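Labels run A, B, C and D following the written order; every chain starts at residue 1.
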Amino acid sequence: MTVQIGKIKIGGPEFTVIAGPCSIESENQFRTTSQSVKNAGASLLRGGIWKMRTSPTAFQGLGESSFEFIKKVKAEIGLSLVSEVTDIRQVEEISSFVDAFQVGARNMHNYSLLKDLGKQEKPILLKRNFSAYIDEWLKAAEYITQGGNKNVILCERGIRTFEKATRNTLDLNAVVYAKKHSQFPVIVDPSHAVGIADLVSPLCYAAAAAGADGIIVEVHPNPAEAKSDGDQALTLENFDTMMVQLKKVLHAFDRTLTTA
Amino acid sequence: MTVQIGKIKIGGPEFTVIAGPCSIESENQFRTTSQSVKNAGASLLRGGIWKMRTSPTAFQGLGESSFEFIKKVKAEIGLSLVSEVTDIRQVEEISSFVDAFQVGARNMHNYSLLKDLGKQEKPILLKRNFSAYIDEWLKAAEYITQGGNKNVILCERGIRTFEKATRNTLDLNAVVYAKKHSQFPVIVDPSHAVGIADLVSPLCYAAAAAGADGIIVEVHPNPAEAKSDGDQALTLENFDTMMVQLKKVLHAFDRTLTTA
Amino acid sequence: MTVQIGKIKIGGPEFTVIAGPCSIESENQFRTTSQSVKNAGASLLRGGIWKMRTSPTAFQGLGESSFEFIKKVKAEIGLSLVSEVTDIRQVEEISSFVDAFQVGARNMHNYSLLKDLGKQEKPILLKRNFSAYIDEWLKAAEYITQGGNKNVILCERGIRTFEKATRNTLDLNAVVYAKKHSQFPVIVDPSHAVGIADLVSPLCYAAAAAGADGIIVEVHPNPAEAKSDGDQALTLENFDTMMVQLKKVLHAFDRTLTTA
Amino acid sequence: MTVQIGKIKIGGPEFTVIAGPCSIESENQFRTTSQSVKNAGASLLRGGIWKMRTSPTAFQGLGESSFEFIKKVKAEIGLSLVSEVTDIRQVEEISSFVDAFQVGARNMHNYSLLKDLGKQEKPILLKRNFSAYIDEWLKAAEYITQGGNKNVILCERGIRTFEKATRNTLDLNAVVYAKKHSQFPVIVDPSHAVGIADLVSPLCYAAAAAGADGIIVEVHPNPAEAKSDGDQALTLENFDTMMVQLKKVLHAFDRTLTTA
């Protein structure tokens, strides 16, 4: 099955690249990043409005103060936007300009939220919790679909293991397994899965080669000054280079990028 | 510091036993279990009203239909009740008869819920997520306390590891570590941590010997017929026997049970 | 750096496919498999002579009884052979017909064996233990090289995590990390890493796309009758199909297969 | 069943404390530690002669240069000694003064070594590998016993999990499980399992309360100057204090210490 975000169909023969900053930090940062990733071939934008942070005193996102400029930038760029919600009360606030709601890894087991999102019409990008069994991830999707919303996209973003050298462990086994055992599109978030910018691009290629339906990648014009997750963000130039090689990998499978 | 649930102070020199069924399944099951665990020395009751289940089609708890008989049984037995909430909308519904709200392992990273509970006055029993770093668990408590509610009790309930022979892996390291590095009372849930009824009692003793402030234990009059987690429930007789030995272990540390 | 097994250089611009049965079970099975994988593009053979099994009563390999026919088949096929040793006493026995010694995951931390192999001249294929930190894996290689044998090839073969749906979790993060932080060639064993034959091929492509120097794949003419690990073995036909697609992936990176 | 090391029976009604330094570093360090732990109630000594270290350039133990003073100190103190071997060639060298051979966690899957030790008469202390399934640990014991040596003692020493705050995760579930499902004595190594000296004592009590047959504890007269694992070593005074409380815990189960 395919799931449509704005004009983009995910889960068909084409491969979808969703890109943008971890957090939307300013109008300028969001515009620069969005324009650049679009030029390189991304067909959907990502960007955090409210951030889930381990510490309650860490940067929690711009929230409401960003709504107006997000709408403006989106209109200029012409791409749809995926953004995380952690509470159903946020959905109303942002539904006029957010085209798909992301459930973050930390909320995959928040069945109350999943049930609420099952009553929405917009697509849900359901990240796998960092310690969810594949089976739990697939069943979490059912918590959404049984409410009536069939538009679920699964996203593998790395699991917690004993290894400390990388932030998480990208589990491509799970991607291949989910592609075989579920009907939903499956995409990969290599940025969170490895947490080290230098290692992200090869994992994008690996995700495509393993048969994923797309990737979601963090990009920042100046990662050193990012307010969250700067260590794993590609620069605009890194992203351009990655996209050139990614297209070659897709070509090896007779695939192309979805286009806006 | 100590946290008080009803008349029971947790985190002081005494040791608290919270016991009861996984799910409250009927008036009779709840009464029989509650009376029996009280007689054996438990000073607080546990019991699920809404259950978090991996599959959306599994038994999800009695919900509202149980409210009246829960109040009745509580009044008869005279013990306070701890029960899980997964959504702030549930808090209002049950706050007239539930004395402490449990955040389950699946919702420990649900910061939206934690913030909501930070505005409540009743104590919060915060279970450690099955893959939460100890540091995340302690910081999750801060999400609650920064809202004004300082009454947090931490609960270790087993983590996910490679081991398959037991349901989870009880992490007593984390209990000892949290007792040393945080101010909150720390209790242990051996039932979920091992998932095999025959192995629960020795782990209750181990929790006490490691210096925990209490345990929360699943008990069922007929585990074979339990609607959830029957494999890990102690029978009433198992629980009685466990409590006799537990008191001896506490005595070795000059401790006694809290009494209602 | 490159490491040479027989005439095959691993770690240069070309990509090396090592293939063959988990266990060498009979002259016929070994010949059929070897001829077939060679025809499809494999340039090195694999095959267990002594097997490491969890249970001491499981099939432990043909051992000495296979030596003569292995030599004969090798001579016919014309490819070099990689086989596991678990004890330095085995090295002498098989060094006349085995061209590289594999250290299995279970022996990666067996520093006594590593030191012994450091005095050998033949290359060592060092599998990562299923719970070894990447750093331990790289340091294990130093246990070999400090003895004088610089010919070490690293092999990622899946790690143990909480996930139960797959045998292990393939850790491509570790492959990308090791390629960046060590000088040794790094190959991937997708067969053990996922343990389910249907899922092996996409992971072969992913390994190539991530930049590995090669793969080592289990192939069996009749997996259902394999004496060990039949669940993860590709059939001869599966392997042929995989190799056709693999070459396309390599082409996307301007790479080709090493040829014997 | 019980297993006897020197005059000490492990696995009967009494509880055995094995204590001593991680590495035997000097005659003086070994004598001081041994005399002190004996006075406090330990009935067996531990001490590394050759050390397994992640890095080949780290301190690898005194080896042969310590043999004479070890014999001398043992004769003075009058306790038997447990020490690790990593290679069957070491067994001959030390069998005149070592009373039980330890297989370290890193060698639990080294079936070649286990088979060799199966032909020895002295007891084997088999540590669980940090990622071994309980079932593999029990089957590893069979690799020893099928060679004729029935004198196996199992030792849980912590497993590798996602948690980083502690060195490993002590798995008391596994201890309780192994006590129920195997015939071998089961002891606990809290020093390696947690890796932080301040947290070791409560875990000693927990091990006793969970029903273990004994503990093996690292003690050093001056942990800050230890050549290996100083972070987890109890001081002589810490050990004395721990033993006083441990006896009270054992008393709660009508148990006492084995005595030399």
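FYI, a residue touches a chain if its C-beta (ideal position, glycine included) is under 8 Å from a C-beta of that chain, and two chains touch if they have at least 3 such contacts.
Treat the numbers as computed from the prediction; the structure is a model and nothing was measured.
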Exercise. Which other chains touch chain A while also touching chain B?
Worked result: C, D
Exercise. Taking each chain's centre as the mean of its Cα atoms, which chain lies farthest from chain D?
Worked result: A
For this session: Could you put a whole-Å number on the gap between the CA centroids of chain A and chain D?
Result: 48
Problem set entry | Euclidean distance of C-alpha centroids - chain B vs chain D, Å | 35
Seminar exercise, completed: In chain A, the residues touching two or more other chains are 131, 135, 160-162, 164
Exercise. Can you list the chain D residues touching chain B in their complex?
Worked result: 131, 133-135, 158-159, 161-166, 168-174, 176-177, 180, 193-194, 196, 198-199, 202-203, 205-211, 245, 248-249, 251-253
Seminar exercise, completed: chain B contacts chain C in the complex at 131, 160-162, 164
Problem set entry | Touch list for chain C against partner chain D, complex | 52-57, 86-87, 105-107, 109-113, 129-131, 135-136, 139, 142-143, 146, 160
